[in-house]
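Structures given as structure tokens follow.
Shared between the two complexes below is chain A, which has chain B as its partner in the first and chain C in the second.
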Partner chain A sequence: MNPGLINKKPSMSRNQILTFAAACAGLALLFVFDSTLDSFTLQIFKLCAINIILALSLNLINGFTGLFSLGHAGFMAVGAYTCAILTMSPEQKEVNYVLQPIVPWLAHIQLPFLPGLLIGGLFAGFIGWLLGVISLRLRDDYLAIATLGFSEIIRVLLTNAQTVTNGALGLKGLPRFTTMWWAWGSAIVITVFLVFLIKSSYGRAFKSIRDNEIAAESMGVDVFGMKVLSFTISSFLAGIAGGLLAHYLTTIDPKQFIFLKTFDILLIVVLGGVGSITGSVIAAIAVTISMEALRFLDGPLDLGFVATSGIPGLRMVFFSALLMVVVIYRQQGLMGKAEFSWDALARIGLLPRRGPKPGKGGL
Partner chain B sequence: MLSIKNLSVHYGGIHALRGISLDVPAGKIVTLIGANGAGKSTTLNAIIGLVKAGSGSVNWNGKDLFGAKTKAIVESGIVLVPEGRRVFPNLTVDENLTLGAFARNDKAEIEADRQRIFGLFPRLRERHKQKAGTFSGGEQQMLAVGRALMSKPTVLMMDEPSLGLSPIFVGMIFDIIREINSTGVTVLLVEQNAKAALSVADTGYVMETGAISFSGSGQELLADDRVRRAYLGEG
Partner chain C sequence: MDLQTFLQQFVNALSLGSLYALIAIGYTMVYGILRLINFAHGDIFMVGGYLAFYGVTTFLMPWWLAVVVAIALTTIFGVGLERVAYRPLRDSPRISIMISAIGASFLLENLAIVLFDARPKAFHVPDFFAANFILSGVHIASVSLIIPVVTAVILAVLLWMVHSTRVGMAMRAVSTDIDAARLMAIDVDRIVSITFAIGSALAAVGGIMYALKYPRLEPLMGIMPGLKCFIAAVIGGIGSIGGAVLGGLLLGIIELMTVAFLPELTGYKDAFAFVLLIVVLLVKPTGLLGKNQGEKV
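Moving on to the complex of A and B:
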């Protein structure tokens, strides 16, 4: 039988064809971008991918498991520093650690990027597990305060552990490992992983805890264990994003990981929709690009009736205002808790309801 | 048979359950009635392990469940429909039901049970892809009962299933309780609606301030003067 080229084919196979076509188109697009974009634009494009990972990992705890956690900057910092220290060459370390030399057991380690990145993620995940076991007996605001405090503790430790992290001087001259393929490859793998995780029985358990903890527990869900699991996975992913960020910026210092970094990610999550993977992906790209596109706001402005000679940080005012508008008029963000699906596109009329020809559905 | 002996629960300094004992024979409907704050919900929550009991024993067919984890208790066949419905509002009917079967892993039978529950509650079948939060109170209660049945309980404990429902739904809920019981499921029912509860129950226990003051068959209690005065608003 010809699988569904003729009329009334099951919508399942239409969707598979569409998904396959979209995946090919996306891949082709990455190739084109990688070879044609100038290096500045490509940097922003890479940052989009890193922000996708950060937003998704924060959304896993805040959106899907319903735990108000604000410790993300801390987990990023752990991943970033671990990965950076493990991948730097011994010579580089000597150059960097000028105030006090690095501890001997770290001085001669040099790993390739992938193991460094994974160990960074695992270490962040381990810290997340530890913090989770301690703090997940708290909920709501109390958990937020505890995790916020934790991320500041991490930052203070990084600033003061001179012989391990080089303290406030930070680490400079990291190899620029985070290519377009590393950034987007990781983002795609992690997105797909999370889509499957959320659809699995673990994902259902996370969402049941978010919706009603007591009901979840009386269904036999191990509420505490599931919370810790979600928290650990999220920290792991934040650690991976931190490692990517370190080798994207090529320089890190503790000040980058102040709690405001967490709020940047939270902004993306809230704008995209708390509890939507699609929303986080779209918002991460949109916010990252607008952060650059709105840079003119920081420079001299002449609006006709009023002129400024350049107010640094004015573009952040735009995001603050946007956040207020969203919180007042559209609390659910861009996507609410909805996810992208071909059927949903068909429902709002962007696709024919029953794709007559698969070729037409490509893009 | 589920047998509770001298169960005691403290909330901080408050002695919520003062050593209560009750028996729930297999295949029967047993109801706990009493005023607000008498300890009815606490009793159910302590049996299922949501509240840690201080002392006493919970014996289930010879197995000691005192202090066991909720997951283990649910797996052994005792399940609670919590008070106030507590469905998962952002999840669809299907997802809610699937979560009811969280402690099981026999896929084919879970699917059969889902169909059986759709037979019991046709409204749920019609709207199986809809989010539970969009349902009316009565429909949510049906979903909560259906979700509990998905765990394939031998004992179904229900906490105030008729609370806040319209008279039509109250009638339906009690019909459903009878129907569930007729399939061999033991029911332990906590109710404010004493009249309706005692009418379906084989045995009733009357609770006051954390202790059981007296018990009897459903019919006996319906005719009892003390019950009539205190809970049925008669005499």
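Moving on to the complex of A and C:
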């Protein structure tokens, strides 16, 4: 259903106007939210943005490149710790490192948030590149279990490197740098970057590997190089999200980054649709909000016929059951591989169509 | 380190390794037949432990009856899980089945937190298992001897079953080529159910013995042993029962011996298995006893 050449131009410009209007409306909405929401709601709103980045980065590797990686928690941890250690003030470091003092070359470093965040992301990307070169020759479930192993190794290293990471005690009292603008700004920049990446020749190469690796290789795609590239970008983004998360929570410890954290992100990706940016964004927001909204499930319940006195954990039962139901009955999730576009909206009748429908000789 | 300490550690390592081996067999059989990492296997192991616990405490059964009932119920549970979570996806892409397995594991853990309570429970160890005797200066809990014996018996029975019975022949056929096996009039669904039944029963035995060795039940207790035993299965060569036992023993011995000889590495204990896994995958991806299978176009 590609629009013909003749009406492509006007429809493009209409789409551009719509995109511009939507961007302005989005920015205005963010501004309104930032100034009117109470701090609790705003925290959840920020978490939505961080989860969008996490879901997108996992989707890049799992959905678009077809490599089942379960190592995301590890890359988040690398980003979070790097960013946190680089941005903490020397006094704060002294307060934190009570068991053993921090190594001298890190003790007096204090960077602003942006360089800290970027270095955290780059370091996570570097680790991702390294592990990718080692493990991306493996396929399917072997890759999944190897990446899961890497993320656990990273966590064990973080727990034991007392003089660098403060071990199991974690880092407390990080500055609350992750404002609404930082969180959503990063999420928007990364979403736009990924949209362009997927549309580029790199994105097509990723998708060709997902659809048929052997065919892609015979068409001249550098399969291994592309896999490593996708893995590296994905780890970089996970590192950025980790840095944002560290300065959002203001407290981090290695236990937060056990591999179950990867499953939480996987839940979002699967619900949204493996291989859809739109799906991941929508699902990240929906899951984050409903995780909070369904908190009542953990408290006392009165269903009329049965009353409980608070069962902690019922909320997670709901989400894991939802994951199972989606995988079994609707594998494509919310969006499948489809993406949002104005033309798609027009096709389902939410926007007026422009001009006669091409390809059918007009209506 | 003197001989006595070495023997002491070796007995511990042997019983831990046998325990790993027992659970690894379940992974390797399911993987051999369905090419599926049954992520929920570790949670079935946890269910087995809890069922035995409730059999003794709530239903006041004698311990041997509680063990038998727990193994039976866990077996039914495992077969049911396959039917609900894996069978509908048998022809789907492998990633979908794996996500389903992860979802099942996630669901079981969370259900266990709701039903069994997140607080750890103390498992009552019958005197028969708790008995401690000293053999030329080496303290041996009887459970440490019972575990390797049970594993050896189960291994012998399984090897006999797989290599000398009709069901075993059908299993080997399904694991070689599931479609060809179906054409040979093998009821694939039945064979898969039997495999899950054996795997879950072994997981239950493993869970109960684990609880006898470390008498503390937690809803998330299956995760780490589950992962490690999968790794043991991969190290030994996934799909091979002997390989799973070898991998399990090797992993248990390496884990405890490294800690015994190099105590400063104790904090890294949980990482050994993963490091070993990655080394094996890079050097010999088919595992120690695995057969090489070429990639088909």
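As a working rule, the second predicted complex is superposed on the first by the 345 of 363 C-alpha atoms of A that agree within 3 Å, B and C clash if a C-alpha of one lies under 4 Å from a C-alpha of the other, contacts with A are read in each partner's own complex, and residues count from 1 in each chain.
Basically, contacts are C-beta pairs under 8 Å (C-beta built on N, C-alpha and C of every residue); 3 or more make two chains touch, one makes a residue touch a chain.
These numbers were taken from a predicted model, which means no experiment stands behind them.
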More chain A residues in contact [chain B versus chain C]: C
Partner chain(s) touched by A:Glu217 [first = chain B, second = chain C, both, neither]: first
First (chain B), second (chain C), both or neither touched by A:Gly275: first
Contacts of A:Glu339 with chain B and chain C, given as first, second, both or neither: neither
Contacts of A:Asp34 with chain B and chain C, given as first, second, both or neither: neither
Contacts of A:Gly313 with chain B and chain C, given as first, second, both or neither: second
First, second, both or neither for A:Lys207, with chain B first and chain C second: first
Intersection of the chain A residues that touch chain B with those that touch chain C: 214
Footprint of chain C on chain A - complex, ascending: 62, 66, 68, 134-135, 138-142, 144-146, 148-150, 152-153, 156-157, 159-160, 214, 260, 263, 266-267, 270, 274, 311-314, 316-317, 319-321, 323-324, 327-328, 331
Chain C - residues contacting chain A, complex: 35-37, 85, 88-89, 92, 94-96, 98-100, 102-104, 106-107, 109-111, 113-114, 118, 223, 227, 230-231, 234, 267-268, 270-271, 273-275, 277-278, 281-282, 285, 295, 297
Chain A to chain B touching residues, read off their complex: 201, 204-205, 207-208, 210-212, 214-222, 275, 337
Contacting residues of chain B [partner chain A, same complex]: 48, 50, 69-71, 73-75, 79-80, 82, 86-91, 95, 98-100, 102-103, 144, 147, 151
